[in-house]
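One structure below.
For reference, chains read A, B and C in written order, and residue numbers begin at 1 within each chain.
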């Protein structure tokens, strides 16, 4: 897709002022919109993760006699073509979005991206060259296409594997819970998610490497691990947090797109993308079937962006 | 410097080799294949084997890959397995051209609206105008194509009859308007933000203060000095993003029935049309590598703070 | 600061220059690439004065029909195995025989044919049949065409199915023979075909494009010959811009009388068909599930323009009869009785399709209303499950149904079926949706327990359904159903020459198959089409048959 990406402005080297984090928190709390978005997102994510206990109905429970109804007391957002409760499916969809986005961002951006970026930035030379060139190769792929291909073709194999594992261990429920779907989708997303983060962290490391406090630490005999994790990464945390919040929003969108294409989370496991896809074309007959998930997706992406802006203003004050 | 450029250039074939090798391998070893697809439910192992042989798909992977590479080196991208008898190049270039026209117009919309909005927001920083511009632009950004498109279609094609519902007639045709909007509107948010940030940075610099001190009118300061300088990062980012136009925008293309390359890419993927997939992968990768290289070199030439080893 | 700004300027310039270069290069190559199809830059096309490329067309020009079409993968009749390609090919090319509206085999280029033993078929060619370039069609052209279709270098996917009965065809396909012995030129106007066994339905296979006649000079004119096909059909290919439009122009010299329409314009770019129809951009449109309510509403003006007719298809759930738990007849029957198709069809599919009792779709020769299906009966389903060797829902073990597709047809129905199995049998069936290419591969390997898919007639004969899908020796038999009684009846039907007796045999086989339940037959498709009132003679053809010749536009 021809979309434009914008990297957060690199943070300048900051001196360790007194409690910069408290300072940042104070600045962030002044942004009411960003705080409101954070609260909203927390509600969505927690509702999603707690879906089995929060949702009023089972997302699969069909009621063909009450299919395609508008909002009512028993179904606050109405029912879909199979008579399933839309409100419950939205909450279960939030579970999918939450699991996939957290998993993909944690593994892709945070773990892979931060470790590889730190290595490249700190050690430089051939380590840097190799990591960054590998990153180049990943970026050179038509990413979305490859994700589609992997998600579409890998899943049947992964499912077969999971079935075999379940049968040999005599357990049930891994396949039925849709975990394999989650795993394949976030795996595919994480595979391409790390490069941006690695580049950012590397840039920060390059800039911080020459900073006085790093040289001081080195002079005092600290090892590379300690220098990177105790001294450098905390100083690069501002931009990292901003990128993570943006990446979460981006991953939610990607999950929705993949499911919309029918290669993300498979029915009956709910995803907002699946709901949008199932009901496309219903704009004229049953608009709420399309508009409800659309509004939810839009609000979540909106909230992540406002939150990202707020964090950016609070954590990287020089970038304003 | 020269050594650096040479080293980077040497990397180019390596990147392309890895990318094509992995894609080819995924195609050959991944599940599903074009012959089975073509035979559909009339699966006949004999017929399948014969077809595989005729199309050279029964060769060992390395042989197939080597033959593909030697074809590419000689400028032959092969023949489509789905559109029988049609060279890949005749298939993809017209479609890339279509996607590019659409992408350019979308970019023009994003830049045309985003730059003045961003400038205005920055110059009114902190006021309600700033807030409403930024959040207004953002609300466009959050509209994924598959939500925005049906709404626009319903309004402008069906209710108002201003434009046909779908189809393609090139850059000078009404039918390009809606898809370009669907692609371009979300971009407005990005450009607005970038322009706003870079304007704010310019405002803080010495020469603006000097201009003010010289007694130039505020309006002139705003639009000539600040605008001209602040737009540069926008141009850079847009320039870079244009490299991605080759990939097309397949959701928009699918909804509006535009014969672009994004749609072709996804269809080829599901049809296991290896030669087409390979050609597109190669093009995208090459485009990315070269634009990236050009940018790095340009920065290196001009900014002595960046050291190359 | 100055330096970094300069850097930005340069980067910007480099970016813009690189872009310009790429745009120019692509534009240039695109221009060269599209040389094959007539017409210069996008927009206007001089060769097509009626082009309504710009703006909303106000209405149809007289004699031009506008409909949505799909890009054909190929225009080569011998290669086409898909509906999209066949749609155009049957209008541009033709063969010995064809199907009429009632799916009866009727003479086409062959004026008449005789067979005494069902093995040797002699065709008398119609005098004065010409290719579009005015060359006369002879029996030699047919010999060339059949042999080309069976040439391994042609790599046809359909030759084996449609021409494989002809003596020597498979030898040629396997590269062990240079000619096809069973195709014999008696004289310029007489062709003889010899097949390997008496088969009444063989003549139906000759209606398929694989058996169409091609002009040797045309085929030898280079690999792009399909862009300028020299056919024999009622229409010529006038223009084909992939992804944009395909225009068929009337062949005034057509041997069965020229078409009434001057031109058929296929809009290939896709989009929302019904919206385009309501906008008067096209004259005919299919109606999908999402709009059927409006079209069926008598108060809606669309309702008067709606027609519908059965399609020769059946959607079904296939059970792998060699894998537990569906290796037990009673389990299969229980899974049949447990599903209330009527309810699903009316609620989820809004009666857009017909619930299936048996295998054969209505409209197909041999279809019978008297086939007794395994109608919804929850109590009986439970009882059968209890009687089965697995004894109970728990005893079945894991049950997985695989459905194909990335956003293909109507998955809510699969979910509804799963739910009914759960409600009425207490069995939790897992669904796996698999991308189509992978699905086919796994289907051929026979690794599914159960799968949902459909079958559409290749030619209108019960043999195409029952023999192909249920004979134990058939490659298409993916439920691995094997029943000696059914095999015996099917074998007998293959060689039965009396049509009534033959169809009776198939009816007998069908009822046996339904009772043995290798399938859960779901529904038969039905086409719903909107047709503008000024379009005359439109009908819903259940198969791809030459079609546009008899349609006219009268305003």
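We adopt the following convention: a residue touches a chain if its C-beta (ideal position, glycine included) is under 8 Å from a C-beta of that chain, and two chains touch if they have at least 3 such contacts.
Because the structure is a prediction, the values reported are computed rather than measured.
A complete topology is adopted by the chain contact network, contact being made between every pair of chains. Comparing the chain pairs B-C and A-C, the larger number of C-beta pairs in contact belongs to B-C.
Centroids built from CA atoms put subunit B at 22 Å from subunit A.
We define each chain's centre as the mean of its Cα atoms; on that basis subunit B and subunit C are separated by 35 Å.
With centres defined as mean CA coordinates, subunit C is found 42 Å away from subunit A. Listed for subunit C are residues 272, 406, 435, 437-438, 442, each touching two or more other chains. In subunit A, the residues touching two or more other chains are 152-153, 156, 280-281, 284. Counting partner chains per residue, subunit B shows two or more touched chains at residues 31-32, 238, 270. Contact residues on subunit B toward subunit C in their complex (touch as defined above): 31-34, 36-47, 50-51, 53-55, 82-86, 89-91, 93-98, 100, 104, 153, 157-158, 161, 163-174, 205, 229, 232-233, 235-236, 238-240, 242-243, 246, 254-260, 270-272, 287, 290-291, 294-295, 298-299, 301-304. Interface residues of subunit A, counted against subunit C in their complex, comprise 60, 62, 64-65, 67, 81-82, 152-153, 155-156, 159, 163, 166-167, 172, 175-176, 261-263, 266-268, 277-278, 280-282, 284-285.
In the complex of the two chains, the subunit C residues touching subunit B come out as 1, 3-12, 14-16, 18-19, 22-23, 26-27, 29-30, 32-34, 36, 41-43, 53-56, 73-74, 76, 79, 81, 152-153, 155, 157, 160-161, 173-174, 223-224, 226, 242-244, 267-272, 275-276, 278-279, 281, 406, 435-438, 440-444, 453, 455, 475-476, 478. Across the interface of their complex, subunit A is touched by residues 272, 288-291, 293-294, 343-344, 347-348, 398, 400, 405-408, 411-412, 414-416, 418-419, 428, 430-435, 437-439, 442 of subunit C. Interface residues of subunit A facing subunit B in the complex, by the touch rule stated above, are 1-6, 9, 33, 124-125, 133, 136-137, 139-142, 144-146, 148-150, 152-153, 156-157, 253, 256-257, 260, 276, 280-281, 283-284, 290, 294, 297-299, 301-302, 305-306, 309, 319-320.
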